[in-house]
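The next block holds one structure in the form of structure tokens; read it before the comments.
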Amino acid sequence: MTGKIEKLGNAGISRRKVLKGGAATLAAGSSLMAAPMVWANNLKDISLKQVGPSFSVYPDIAEKASQDLGFKIETQGAWTDALMARVVKQPETVDIADIEFWALSKVWRSKQLQAIDTGKIKNWDKVIPLFREGKNFDGSDASRQGILPYEVQYTDAPGSESFADGPTGFTTVLPTIYNADTLGIRPDLIGRSIESWAELLNPEFAGKTALINIPQIGIMDAAMAIEARGDFVYGDKGNMTREEIDKTIEILIAAKKSGQFRAFWSSFDESVNLMASGEVVIQSMWSPAVTAVRTRGVNVSYAPLKEGYRGWGVGMGLMSHLDGLKLEAAYEYLNWILDGWQGAFMAKTGYYSSVPETAKSVLSAAEWDFWYGGKAAAVDIQDPFGSLQGSAGLVRDGGSFEDRMGNVACWNTVMDEDRYMVKRWNEFVSS
Amino acid sequence: MASFDKGLARHVLQHKQAAFAMSNRNTKPYLEALPYTSILILIVGIPIATLLTISFWETDGLQLYPNFTLENYKEIFTSKLTLILYLQTIKYTVLTLAFSLVIGFTCSYFLVFFVKSLKIQIALFLLCTIPFWTSTTIRMISWVPFLGKEGIFNTAAQGVGLIDQPLAFLLFSDFAVVLTYVHLFTLFMIVPIFNSMSKISPSVIEAARDAGASDFDVLINIIIPLTKTGIALGSIFVVALVMGDFFVVRVMSGGQSASVVSAMKNDIDQLYYPQAAAMAVLLIAVVLAFVYLIMRVVDIRAELER
Amino acid sequence: MISSNRGPTFYFLVTFFALFVAFLYGPMLIIFVLSFQGQQGGLTFPMRGVSTHWFSDLFTSSRYGDLGGALSRSLILGVASMVITVVTCLFAGLAFRKRFVGSGLIFYLAITSLVVPGILLGLGLGQLFQIVGIRLNWFTSGLAAHLSWTLPFGLLIMFAVLNRFDGAWEEAARDAGASHWQTLKFVTIPILFPGLIAVSLFGFTLSYDEMPRSLLTVGADNTLPIEIANMTSNVTTPALYAIGTVTSVISFAVIGLAFLAISVIQKRRA
């Protein structure tokens, strides 16, 4: 695992370096050109189908990759629930699956995804310790509440159905993007600072709050609020016992009956509208939604709260049916993803790359400072499509990458008592 | 002799033709219905049969195990959530039915009996159908900027002085859900009712008027009875559509209400298919019961045969 | 037809109808207006300037997925569903005029197809195709899924169309010596023509707009509604409304064509 660089290429030169080097490399020696040419011919008729949610799978990224690599990558948008059904039941319609870690924990057993040899991943050692070792930046163990990606990151050997306890040479998916989620607030309508998750249940905001209506996530946001308020302490907010679930739901039903919640949103644009229109002033929210609201000139902030964040991540998985040239191409693509262009693109949507180092080399210094460094923007900040997101002077809520990802209290999850939890959540929502 | 033979021959021939035609008439419906039936059985019958089978199986969230079990049904029938969801969904259905019926009937009544030119009738009718062609999703979400607290209606009403505070119940409420259902599904009432009404022969009405009947009498005693097929068909549409929906409920109630199908969706998302299948079987049974009731009141099939 | 005098009933009904049409068109107008939202604007009012920015964005920007491809697939599926639905439902409707064995079963099966949650039917259908060995594809399993939605509607509308359809015309034709096909072509279909247009319009639109059943049966390429739904999870720009406007324009065009076709055919027949 230490000898990272080239398994690829007879010339022993990293293909990416050749492409990026461009003119300099040309000048350096035309003999180098022989190697990538052979490649391009080898794989140029290959076509890979990448399927996943639209906040992770962008046609732009696939297009750039197709250009750089010489073969075709096609994308298809599919939400995680549909994706899970397809991975398990219709595997032949997917080549590469962009799957969230909690969903991975459900479908890995189906053996429709194959183990990835980390030896073939050039930048594996540059992946942050959070994924590789399950450790925070300060060396302490990351929170295990919920499903920490590390817990489902490794498997013992190709073909194994289970997850390994510690690092092995085989990973289940290649971690790509992730973020720390928190509550979105309207500081202009609230008028004071919000520092705790408990404010979600504060009667001061009755009729002006909203929760996400995906039970697995909503219940954790609720749990963060309940624990912050001091009602009781959970053993594991990401894996509640029946009693904990019952207690949580009772509190939620009471809150609903007293009119605490204005709405429960299930799609992204609902959350954006709720906030932008002022229907709610504090709610579960996703980072790109915050930016979307900002582009409308509305003052919204993604509040760093003292109890911490709720984390989540997405990884790219290779389907078991990939082999031969297609498999080679897939590894090419995986390596390209970690090379920086994708990381820079995703940074501008607010999501972090599992290999920040390479993303840094593609982002401008000012962008890096804003998105990762937590510093005030030196220039106007744009999203990947060129739309204005924030003017110079804006500071990313929550500060730097280390501040945010280092303070994750729990992770998106599927609990052991999942069915029971969903049943009770339905009761709550219909109460 | 020859003519008698010819006569006899022709008689026999006619008889044979008649017999042939008769037997044709017996097999004709089967042949005519064959394409439709075969496609339907293939793409609906088989999957539904599968659904029924799965509802008696077990799963661990990934694999299906064909061990016969009544556990799924037991769960449904012992959970009070089921009752709540069905009552809620039936409530929506009844309300939507009532409003769409009244509105659909009135509009059709207007179009058929109060608009003289046939061309204008059809034009106005098409006018009603055009919005149907914009994607339902987009039509639905566009109600949000209209009904919200800062939406058009509230701002306008406040501006004109009609109300002081924005009306919160307009959006994310039962009101919003039923409003959207009526908006989306009234068309399904108008089409069959308009159709039935336009088939009413004007001479029948003229005869009634000559006999001294008022507009109202004509409406109650002639028009409504003759339109009952249209009403029944429209009702079947609305019942099936509302009971089978989850999207409208979720978006327009702001997630505050669940419906039968939205609760089912959670199971489906988590790959718990047997449980979802059992819920689906129950739903289908309930709706078919509704439809059967409607058919008892109006025998659509008999109307066809005349 | 019933009252030629413009009494109070008439005015009441006119107002009622006008209000209903306004109610129907309200959201559409909002979509239409908002699709011309200025560059800085969002999905709700206020309008920040007026521009066709979002339309051009729709066609040029790559962040909207494969809208073009999805659109063409939806259109093709719509036409295919329409044709199959009209043909099969016409004959099935005619057949249902007699009570044949199994007709009740078919009727209730059609209703079942209407009400079964789309996702589950899509799942079952997908499985069926896999077992048989046909690759899941928008034009095979996707078409099947769409038909499961349009065929029941088609049948029920045919019931409405055939309601009190006078079989006397057909008998007269047969007495005059016409063959079965001739009767169909020269008598039955022309009389039923407006109804058939209705069935085809419904067949097209229902297929064009269908989503839950398509989700698990389209295979590797999305149809338009799925693509739009996917977009809503990260696109919150008025481009969404621009899509609505464009879709409506296409619909108007199709209806306009249909109307023209009817007028032309009526003229030729007269």
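When the chains are written out, they are named A, B and C in that same order, and each has its own residue count from 1.
Following the convention adopted for this analysis, contacts are C-beta pairs under 8 Å (C-beta built on N, C-alpha and C of every residue); 3 or more make two chains touch, one makes a residue touch a chain.
Predicted model, so just to flag it, every value in this text is computed and none were measured.
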{"item": "Chain located farthest away, centre of subunit C as origin (C-alpha)", "value": "A"}
{"item": "Chain occupying the most central position, where position means C-alpha average", "value": "C"}
{"item": "Between A-C and B-C, the pair with more C-beta contacts", "value": "B-C"}
{"item": "Inter-centroid spacing, subunit B versus subunit A (mean Cα positions, whole Å)", "value": "42"}
{"item": "CA centroid of subunit B to CA centroid of subunit C, Å", "value": "15"}
{"item": "Distance from subunit C to subunit A - Cα centre to Cα centre, in angstrom", "value": "38"}
{"item": "Where subunit B touches two or more other chains, by residue", "value": "141, 144-145, 148, 150-151, 268"}
{"item": "Multi-chain contact sites of subunit C, meaning residues that touch two or more partners", "value": "43-44, 123, 127, 232, 240"}
{"item": "In subunit A, residues with contacts to at least two other chains", "value": "85, 267, 269, 273, 277"}
{"item": "In the complex, subunit C residues that touch subunit B", "value": "1-4, 9-10, 13-14, 16-17, 20-21, 23-28, 30-31, 34, 43-45, 84, 87-89, 91-92, 94-100, 102-103, 106-121, 123-125, 127-128, 144-145, 147-148, 151, 153, 155-157, 159-164, 180, 195, 198, 201-202, 205, 208-209, 211, 224-225, 228-229, 232, 240-241, 243-244, 247-248, 251-252, 254-255, 259"}
{"item": "Partner subunit C, residues of subunit B touching it in the complex", "value": "24, 28-33, 35-37, 39-48, 50-51, 103, 106-107, 109-114, 116, 124, 126-146, 148, 150-152, 183, 186, 191-192, 195-196, 199, 202, 205, 215, 218, 229-230, 233, 236-237, 240-241, 243-244, 246, 261, 264-265, 268, 273, 276-277, 280, 283-284, 287-288, 291, 300-301, 303-306"}
{"item": "Subunit C-facing residues of subunit A, complex", "value": "49, 51, 53-55, 58-60, 63, 74-79, 82, 85-86, 89-90, 92-94, 267-269, 272-273, 276-277, 288-289, 292, 295-297, 349, 384-385"}
{"item": "Residues of subunit A defined as touching subunit B within the complex", "value": "81, 84-85, 88, 106-107, 109-110, 207, 210, 213, 215, 256, 261-267, 269-270, 273, 277-279, 414, 418-419, 422-423, 425-427, 429-430"}
{"item": "Subunit C residues touching subunit A - in the complex, by the definition given at the top", "value": "40-44, 48, 61-63, 65-66, 123, 126-127, 130, 135-136, 215-216, 219-222, 226-227, 230-236, 240"}
